[in-house]
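There are structures below to look over.
Presented sequentially are two complexes of subunit A, the first with subunit B as partner and the second with subunit C.
After this line comes the complex of A and B, so read on.
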């Protein structure tokens, strides 16, 4: 084929035609990219203008729906939704009430409820995310109904996330825990976020104690993964459950062989100023638990100087280093011990102590 | 009448805060990220600064730290307004020397009253 072409008297005509075609294609491609860029920019400007218009209507109008053009295109729905979600995230009171009313007045909730049944999974997921951002209690039953028929795992996780922002009472937490246990464990961060949302929703409605009841219920429930129990404790840590100290101590005592739970409990308790388990955790056979305790040792356990001093020779590098840092934060006696270790024969302990002393000096 | 600088990346927050605060006769200056906020704080010398935490380029904590380190801006009172409700963040904010830590969602009328009361107390 190549031979026929090269020997053809029209060879150079073919080459010229091919180069011209390539040139035309390149020009067309550049034109298309420029057109697309302009289209995206126009759409972004329109979206920002609509967002601004929606926010202004919420501030100035008694009935904002009267001022705003009804959304038709997807980008118009998206712009209104962003403005409304932003208002609901940041403000409460009259303006939030108007924002909630706007959702139904402009048919935004109906639109996204329809999209939540779309055949493309990411469109369904996006619709669920937007509906979640509105935190409308009326969406609870809808979320549950969609969850039952939803085939995509990714969307189901998003529905649970949306439901976690609506938790108000004990039954909601149980229902969420049931839905969550029916799906494969996703990540620690996801589960923690779910429980964090639940705690903050409950706190907002003055029923924080309900979460304590739930945690007590699952403590010895073998059907609930220990990972999930750990994530509950971590969520308590993040949300600062001041009233859950007793329960966290119970978790610490009930799971001596579960370092992940012990670490979370030590951290969560220390966060609310409870160091009752820290001293014991310093002696735990698992180095990760000892490490978690060492991070707070300077706040509670400096009377355990010999034990902490001995941890400078710990087999774990992280423990040695943090023991040195804990001593550096302690009183004069601790720093004397640290200086002795820095000049001592154990190279590992000496290096950790020297590092802590330089950090302290800095 | 006071000069108030709003540093937040969300335009909706700017619109709403500006609308409510200008109604009370305050002069509003706005910045959409930390570096812009730092420049405007020095130039505008506001009587109060409303500061978000989660922003692009620089967090509100870093902005507050830099403002307090700069002799030209260290006396500007800061109200942090954020959705971060964790105790550690609240303590971190107060540790940096801010005046108020307001968690979202906030009632905009109450926010206005708190600002008014604070500005009155500084007179």
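After this line comes the complex of A and C, so read on.
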């Protein structure tokens, strides 16, 4: 076989060419590495300087666009956009207005809008991320237009994220919910983040009640996944929705067979200081719901001492342990019960109680 | 007739060696291109804005248990634990498992972290040797120390899993340092993808770097040849190898030095198995478990969370380590042999496991065969000298290209080694590997192939992380 190869007239010519090519390629690779290193170092310094300059100009100058050189290269756009996004995150009022004006004055939004239609999906995704960080109302229509023609799911999820930061009214929430339901469910945290953004945007514009109306609308809507409903509740928990207590209680009552929703409701209510469902949740057949309730039991349910004491014998390890910890945080009667359990015949209950007592002592 | 058969065998063997050489180098080259695509994409999508958003949101995390198995690690344990306690993460616990150390590892921990006995009930979900005691630090409430009877690294991690309280755990070697944001970067993937069950970051060599307060403050290439050569090997293995396998959905190893796992899945496969290659074995069993039950899952490597680890600095230690790795790989392949060339396991079997069987396991044998056959063929006048010289040149130049390609992936995207002299040294080492180093490693892998039934870990000497004004 090898003979067939080696006896072909140009075999050695080809191999020699391959060896030479590889040698040249290796040298070129090393030279490129060194050149690239110098280039990146220069560009990093330039980027840092531009960022500093842009941030200073935004804070001190009346018209920053007059002071700043117009961006041409990608790194310059990136430096400006990072500086502007960080200013928008930290300032409101006049400085924020100047930052928004600078985006259009320097053509940054146009640049990233062009990039949002790039043929490579991750470049489009990056451009959408940057545009989202500006939170420009004017991008709303653009995002919706790009969403309609965008083929990559990853980018579509990013567009929805960007839109969620711009929600102002009921129609926006409905539109976002429609867009979300058109895509496969991604993750709990993603959906929660979307609704969290919506709530914080609504809170900022004083229209938090709009979200309540939306949640009431979807409560019995079969086309909306229960997972999405759960994520809405978790977003309320994260955003600390004070005014949603009644609604959260309604959710708790409406989904008795959905432990995920019950857990979210128990947690969200507890965060705003409402323990009205905790006692009931302690008796739930699902151990995860009991566990969620136990985390707050010491704040509201110490009159349920016998029930919590009985949970020291629960089949679930987590429930036993947290029941003991809840008792350890309670009054003297609770600690007496705990000491009895520590000396009791049930080894599982005894070990949980002993642990809680040492924790309490520590 | 016998002579004719021998003649056929010799010629066929040349063909096998030539084909092996072509296939292996093509695979490595393809992996580099796949890795380049993956790394550039990752760099684009992991912008600082995304990281800032995640750091800013106190709700954007899942609590993590960091499990540190420690056996005779008195020299480094305090600094290592101190570094872990300083991680940037909203909610985590550090569980150090003292695996029957015969030095003063436990005493050191007890004194440095004010340990107090704690009666925490341990849930026996995965098997391990008896626990002698559980301690909690009075100074750091999220530090737990478990003292247990010696049972090996896998056994120690299993004990840590049982003691842990959180749904995700991260296993890390006691002689390693995590970068402060490494846990955040790797665990956020579990939030972004419900199907993710395991992930690992890149392991980099700590030798040559300066360490202060448990953090790497200055990165440099170690002076010693062996240590510097390992930097090149790790760069190649992680950046071109694992990133490439990642792209092919065939990742089979998450390094034992730094891996993050969903606890329920690891418990479902009965935890780690006692073997010297427990990291590869676990990942293979996770693949099996999910495929057998049609559970949608992902196992990913991410190149930016960094774990710094001490590399062996003497040849004796290095050979011992490579021997153990190779035995571990063979053991994992044998234990999961049902996955070899089995279509049921998809790309994991047909690409990933096939690579390990035909390149990593059989490769050293074929390579040895190639080296041995040269003098024999020459003696019998059957060696085509011109072809041989060209083949050697091609192999060396191609190999150098692959090595420099891996260095390129690192320097182009991550730029950890910033000194020009370090970059040039890595390029020189890319060539030097083929003249002696590779052959020594090959011999050790052959020894490991013969002695693969041995189960011992051996001991590794450690350097103290921080000495004033010096590097590791």
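Criterion: the second predicted complex is superposed on the first by the 327 of 362 C-alpha atoms of A that agree within 3 Å, B and C clash if a C-alpha of one lies under 4 Å from a C-alpha of the other, contacts with A are read in each partner's own complex, and residues count from 1 in each chain.
Simple rule for what comes next: a contact is a pair of C-beta atoms (placed from the backbone, for glycine too) under 8 Å apart; a residue touches a chain by one contact, two chains touch by 3 or more.
Only a predicted model underlies this, so the values are computations on that prediction, with no experimental measurement involved.
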item: Partner chain in contact with A:36 - subunit B first, subunit C second, else both or neither; value: second
item: Which of subunit B and subunit C A:238 touches, first, second, both or neither; value: both
item: When both partners are placed on the shared chain, which of subunit B and subunit C touches more of subunit A; value: C
item: Subunit B versus subunit C as contact partner of A:271, first or second or both or neither; value: first
item: First, second, both or neither for A:200, with subunit B first and subunit C second; value: first
item: Which superposed partner A:90 touches (first subunit B, second subunit C, both, neither); value: first
item: Which of subunit B and subunit C A:6 touches, first, second, both or neither; value: second
item: Partner chain in contact with A:351 - subunit B first, subunit C second, else both or neither; value: second
item: Overlapping contact positions on subunit A, where the subunit C interface meets the subunit B interface; value: 238
item: Footprint of subunit A on subunit B - complex, ascending; value: 10-13, 15-16, 19-20, 81, 83, 85-88, 104-110
item: Residue ranges of subunit A touching subunit B (in the complex, touch as defined); value: 48, 51-52, 55-56, 58-60, 83, 86-96, 200, 238-240, 271-272
item: In the complex, subunit C residues that touch subunit A; value: 11-12, 14-15, 18, 41, 44-45, 47-50, 57, 59-60, 116-121, 123, 136, 138, 191-194, 384, 386-387, 390, 393-394, 397-398, 400-401, 404-405, 407-408, 411-412, 415, 418, 420, 423-424, 427
item: Subunit A - residues contacting subunit C, complex; value: 1-2, 6, 12, 15-16, 18-19, 22-23, 25-26, 29-30, 32-34, 36-37, 40, 82, 85, 122-123, 125-126, 129-130, 133, 154, 186-190, 192-193, 196, 237-238, 317, 320-321, 348, 351-352, 354-355, 357-359, 362
